[in-house]
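Read from first to last, the chains carry the letters A, B, C and D; within each, the first residue is number 1.
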Amino acid sequence: MKAYRSILAVLLATTFSTSAMAANVVKIAITGPFSGGSAPMGVSMRDGAKLAIAGINQNGGINVGGKRMKIEIVERDDEGKNDRGALVAQEISSMGDISAVIGTVNTGVALTGDKYYVEKGIVKIITPAAGSASMTQWSNAGTRNLPIFRFAAYDGIQARMVVEQAIKMGCLRVAILHDATNYGVSGRDDLLRQINNQGGRVKVVTVEKFAIGDKDMTAQLLKAKAAGAQAILIWGIGPELAAVASGKQKLGFRVPMIGGWTLSMSNFIDTAGAAGNGVLMPQTFIEDESIARAKPFIQAYHKAYGVTRIPSPVSAAQGYDAALLLAEAIHEAGSTNPSGIRESLENLKVAVKGCIADWKKPWSKWDPSKVETHEAFRRENTVMGKVQNGHVVLANPADKIVLQGKMLNK
Amino acid sequence: MFAGISLGLRENTVERIVRTAIFIGLAALPALWQGQYALGLLTLMAVYGVLLIGLDTTVGYLGQINLAQAALFALGAYGTALAIGAGASLPLALAAGIAGALLPGAALALPALRLEGPQFALSTLSFATLSIIVLNECESVTNGALGLSISRPLLFSLPLDATSFYWLCLALLFVAWEASKTLFRSRFGLAIEALRDSPTATDALGIGALRHKVLAFAWGSALAGLAGGLHTMNFGYLQPAAFGYDLMVMLLLGVVFGGRRSQWGAFLGAAVIAMLPNLLSNRTLFSFLVSFGCVLTVVPPIRALLSHKVPLFRQAAPAIAMTLAVTLVFFIPNVEEWRKGIFALFLFAVVVGFPNGIAGAVTATLRQFIHFTPLPILPATGGISSSKKTEGIALRLSDLCKSFGGMRAVDNVTLDIGQGETLGLIGPNGSGKTTLVNLISGLYTPDSGSVEIAGKRPVCGSLMSAFSAGAARTFQNLQPFHGLTALESILVCQQGGGESEAMGWLLAVGLEGKARIRCSGMSYGDLRFLEIARALSTRPRLLMLDEPAAGMSKPDIARLIELIGSIKRAGVPILLIEHHQNVVAELCDRVAVMDGGRLIALGTPNQIRRDPKVIEAYLGADDTERDNMEARQC
Amino acid sequence: MLKTENLRAGYSGDDAVRGISIEVAEGSCVALVGANGAGKSTLVKALCGLIEPRGGKVLFGGKNIVGLPASEIARRGISLCPEGRHLFSPLTVEENLLLGAYPRLPSFGPFRRTASGDLRHIYEMFPRLAERRFQQAGSLSGGEQQMLALGRMLMARPRLMILDEPSMGLAPILVKEIFKTISSLRATGMTILLSEQFAKSALLVSDRAYIIERGSVVLEGTSASLAKNPAVMEAYLG
Amino acid sequence: MNLDFLALAQMAVSGGLMGMAYALVAYGFQLTHAAGKAVNFGQGELVMLGAFTGLSLSGCGLPYWAAVTGAMIAGALLGWFVERTAVRLALQQHNEGWVLLTIIVGLFWFSAAENIWGREDKPFPVPWPESALDFFGISVTWQELAVAAGALGMMTLIELARRYTMIGIAVQAVSADQDAAELCGIRSRTAISLSWAVSGIAAAFAGTIIGPVTTVGPTMAAALTLKAFSVAVVAGLGSSFGLLLVGVALGASENISGFLLGSGWREAPALILLIVGLALRPQGLFGKKIIRKV
């Protein structure tokens, strides 16, 4: 009984403490899959964002209209499931005191859940979900005053870079391999669209699919080989990509493999081993301490979470920068009111110095006919990365300037 | 221990009042608990409620692990989504959803329901995987992995906002609940209940297992389709991957958690799986629930300790699990990461602590405290009468043989029973009597030889076919329908006719006073009489009684003799296997004696009593006949 | 050696054994005689721990063994040859026999060698089993199966053998053979409790007998005296 | 045509070799089903935990074989634990609760693994080369050979132990007739626990041999378990030889149908065959017919 009473006391204390503090804090929600298959991305993103927020809180919080307010984080695990994502969105949007949301890894979750934020006008920065549909759904619907922003190199950009890379390497007959998820299929569609844009220069010899969990890609690769593919353009996540790389090696099928940014995740690089060497992918961030801008972030992350390598560096860096941008927007808005934050995100006055770049007005006023208005990344601040002996390096060393750079002017 | 409160109402009425009150409360809830989230949870709960009531038809009522419900849910959802895409109105779209799940569900049921246990589970699992593959691959129709987005159609030109959509879901849940309840209270439901307890007995009594199972599965599928339709309209976005193994497991857990074979259980399970994982995101609530659960679970082991007994592992296990959960909640910095694990501990405690689910535990407790008015008992009509008298032969066996392994259980048996005749079949244990009855009633297929019942030749090895020829039987090892009352056991067997006729049969065997008692609570002797009443209620042309007096007390045996006598007088031909010689002597016109699978004697009871072969078979060999044995050993 | 006091046991529902007290002296052969369904099998199962008695005591060598698991009772020296034989049908004849001696044999290593003496003894007793030692037990004929069941029990070198309806389901000629085996076992000084529906044969091989009807002992005495008692006959045919 | 034939042969060989892994996990199902009529629906989690244990041990600098042995010991403990905590309880309560309890225990393992080892997939280092061998134009990796040999070896070893040690024969006796086994002085509960422990060993070992192929992560074995379950039921939960045959056939058929019909459909033909096959032969291809008794 005594134990029970003390537990009750703890419970009451937590209830009261949160409500008492509520007035002096900015509440930000972070959502994403923190368990299950896409958890490495979700957790890295969350931890990156939390790192940024911890730094802000250490410096006394955000100056909101002259008052120093600390940031309080509400975490919700959407498990990468659409239904759960919708409920999380409903929960957050009905909490009433949430200023903004950062998160979402799975495009499907964005498609089911984001409408609840839009209804309430709550600002959300999507990162690192790159599927095109999560923004195009709003342009198709013609939504005005959209509070959804994206902070990730969306698949349109990535697909374009991948196709351009293939052309640059002289591979005009390509095979497209993709996983059977929303991510893979929409990546496939983006690739096909970009290849179309090249006006018949590139020929797709075969399109093959693989399921999550498939470890034997012999069938797909044999077909690609038989069709005479000169390059493999691939869209998928993690271990399956590694299976393709090892399968290629096994069949002695030596053609370049180019794909989405997920090829930089450790679950691909470590698993593929030597077979992964030479694989190319667009990158917004590389976990390379020789890049001066990235070094403090990388070191802080390693220290804070006791790791020697970030599970998904791109997600972590994007989460970090997104949180910084959000904090700046809240400061500039001078209130925790979502519509104010949306407006100031669309018109950021001060360049935010992030670990990826100096972000100067990354977004502009939403125009349903141009999704780019709410997309932060451009072709210019994305580089091609290459796997080399277990690390991602720049495919083109001259690109280093992009990652160092202080660019991004509109 | 407790006197209990008498409400002066029937249990059914009370249940209905409570249920209606809860639904009214739920409908009014959005006014109190405002916000989209609350509505979202409540809507999800209503949708899952419909889905789980559907799942409960197989998992609860049929007692089979069904892993296809999530896929049927998906098919329903896609049916509705495609119909909406084609411009269908809301009712039409829901109908499309129901059809989308019902048709494949019925197609699966036909082969799958011949199976049981792991085999059934596997074929439903295969179906589920297959459905998801089809949804994923037919991109031109379903848009594949990219998913379908739809907007909610109008209901009779009325736009539905979140609240009215919730009301719609709630109303449909109420309808599904009521319909399921009515269905499972009907003869159909009784049959389902009966065949779960003993599929052999239901087939032998002509109830027909497969037909009922397929219908029940189809009903479950239809509800899955309906739920799928609602789900589509609720979230507005569909993706095949969302209906995979995880959802399946969650649904299964929901049904067991809530309590099987009860719409209340399905509802509570739905509330738990819709609400709990989401509500548990709230740390305060989470800690509270887990601590409260922990306190609840330590009661049984403490109680055991107080009465100076070492608590059983079964009693202690939930407490251990909950203590572990509490430890995790209070000592792990990031509870969100351990959410699944803590949820698992919570479930473990409930499944072990309440094997019948929450609904089962609550009902049992309530029945202890509250006395409900029992259902009225209707006056009896009918009873044993000589309705069917045909000329000729009731049973003809020619050269029947059956062996198991190296053993000839029935060896070349040829036997006739005339109309109105009572034939006794006796013989020592293991002489093949029951095997013979199993051959006649179609449980076993004979190796050779033929069976003819009342002039018809049933298909060999088919219980149903032997039944339609007119054979009805009782079982040596009782096959009662544990979940049914005595009255229901008769109702489910009789071909038409109402409760009063069923009462007539009970009256005939002297069980009229126990009409409302469940078989699981009846004594051995009563169950023997009930089996006879069950067989009689099918109005058989051949009645086979397999050791009806086994385990009966002396007065019961006297009653039995009287009963069989009256059946005999009504002209029903009887094959009676019995050990009690006085029963046989008193009732049988002729007696057949089996030994080692062979028929060794046939004659009147008096002839048989004096037959030296029979006496030897019963009393065993004399050691004096050595020569015989030595001849064999050479 | 074995003594029960007011033993009650049963499955669901009523007790099938309603307070039975019997006694088996060392080196004697005691028969339980009664018709089908009289409660003999239930009594025997309760003795061996296959079902838990609902009341009463079972004393074996002076110690109460009620509540012990069947395997423990078997290890103390009571060996049951169950009704319906219950052989391990997918296993070979020899494996079945070896299993009889399981508690004595090493779990790994040369168990066949350890058991070879006993095996030879059994094969001498039942030459048919030696012929079929590598055949599956399920493929044997009824008589051979019963021999195997007896053999398996003997492999355990029991202090008390309980035979439950060894004659069940056998042709009369085989029944004679089984009883011959029982009487030869008895001659070796083995303590035997025999539950049997064939009164005549059972009374012939036993020293003492209990006549059981509807879960209670209705008559007891030396076998010779019971064999002459017309009430025994009555218990069967009337 | 020639290329197609060669390609089909290549598919069949790769699929068949991986199918051995299905057979090994299915063998684990068979062992526990024989002993106590229950199977572990959380077997995939045991595979995963075995792989993680092996990974951690080899991370501690132990040689590969020592790590595998350690994983097998862990597997045995986990298998025993599942039987003791979940299955026995449910069977005592006489309901199908064991299905759920094994799922629930699996869920807990999953969550624990996520938190102990992290959520990412990790590679499993192996002592054999990554290169491929070439047999008449069909390439086979050392890894595939290792999976096949490991699965075959493990199954043979357990099968030998079952047939040629007294304790193995006793476990078989318990599966055949629990009461009769008790009467022979065999402690049937211990025998059942032992079966679960051995089943856990098989699962953990399977984890260590497929770990290098699938990479080691919390979700690594989800698909594998379902396939293994199919193999076990189709083969008939009674024949270890049947398991191998069905496992190899399933692996090969998946690959071939993926090649012929498109990779999204790779599982479809096997699933349809499975439903039809079970409807025609419920006891499984190699199972014995069950006689109903009343």
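Keep in mind that, in the parts below, a residue touches a chain if its C-beta (ideal position, glycine included) is under 8 Å from a C-beta of that chain, and two chains touch if they have at least 3 such contacts.
Worth saying up front: this structure is predicted, and the values here are computed from it rather than measured.
*Asks:* Quick one: which chain's Cα centre is the longest way from subunit A's?
*Replies:* Checked the centroid distances; the maximum from subunit A is C.
*Asks:* On a C-alpha centroid basis, what's the spacing between subunit C and subunit D, in Å?
*Replies:* 41
*Asks:* I'd like the Å distance between the centres of subunit A and subunit B, where a centre is the mean of that chain's Cα atoms.
*Replies:* About 51 Å, centre to centre.
*Asks:* Averaging over Cα atoms per chain, report the distance between subunit B and subunit D in Å.
*Replies:* 32
*Asks:* Specify, in ascending order, the residues of subunit B that touch 2 or more different other chains.
*Replies:* 136, 337, 339-340
*Asks:* Do you know which subunit A residues sit against two or more other chains?
*Replies:* 35, 180
*Asks:* For subunit C, give me the residues that contact two or more of the other chains.
*Replies:* Correct list: 89.
*Asks:* Graph shape for the chains shown, where an edge means the two chains touch. Line, ring, star, complete, or other?
*Replies:* Chain contacts: none of line, ring, star or complete; other.
*Asks:* Give the pairs of chains that touch; include all such pairs.
*Replies:* Every pair of chains in contact is listed here: A-B, A-D, B-C, B-D, C-D.
*Asks:* Show me the residue ranges of subunit B that touch subunit A in the complex, using the header's touch definition.
*Replies:* Spelled out, the residues of subunit B in touch with subunit A are 34-41, 44, 136, 139, 144-147, 149, 235-237, 239, 241-242, 246, 277-278, 281, 283-284, 287-288, 291, 295, 326, 330, 336-337, 339-340.
*Asks:* Residue numbers of subunit D touching subunit A in their complex, please.
*Replies:* 3, 7, 10-11, 14-15, 18, 111, 114, 118-123, 130, 132, 139, 141, 213-215, 217-219, 222-223, 255, 258-259, 262-264, 266
*Asks:* Per the contact definition, I'd like the list of subunit D residues that touch subunit C in the complex.
*Replies:* Residues in contact with subunit C: 165-167, 169-170, 172-173, 176-177, 179-189.
*Asks:* List the residues on subunit A that touch subunit B in their complex, please.
*Replies:* 4, 7-8, 10-11, 14-15, 18, 34-35, 75-77, 81-84, 86-88, 90-91, 93-96, 108, 111-112, 115-116, 119-120, 133, 137, 180-182, 184-186, 189
*Asks:* Can you check the complex and tell me which residues of subunit C touch subunit B?
*Replies:* For this pair, the touching residues of subunit C are 12-14, 16, 35-37, 83-84, 89, 138-142, 144-145, 165, 167-173, 175-177, 179-180, 183, 196-202, 204, 214, 233, 236-238.
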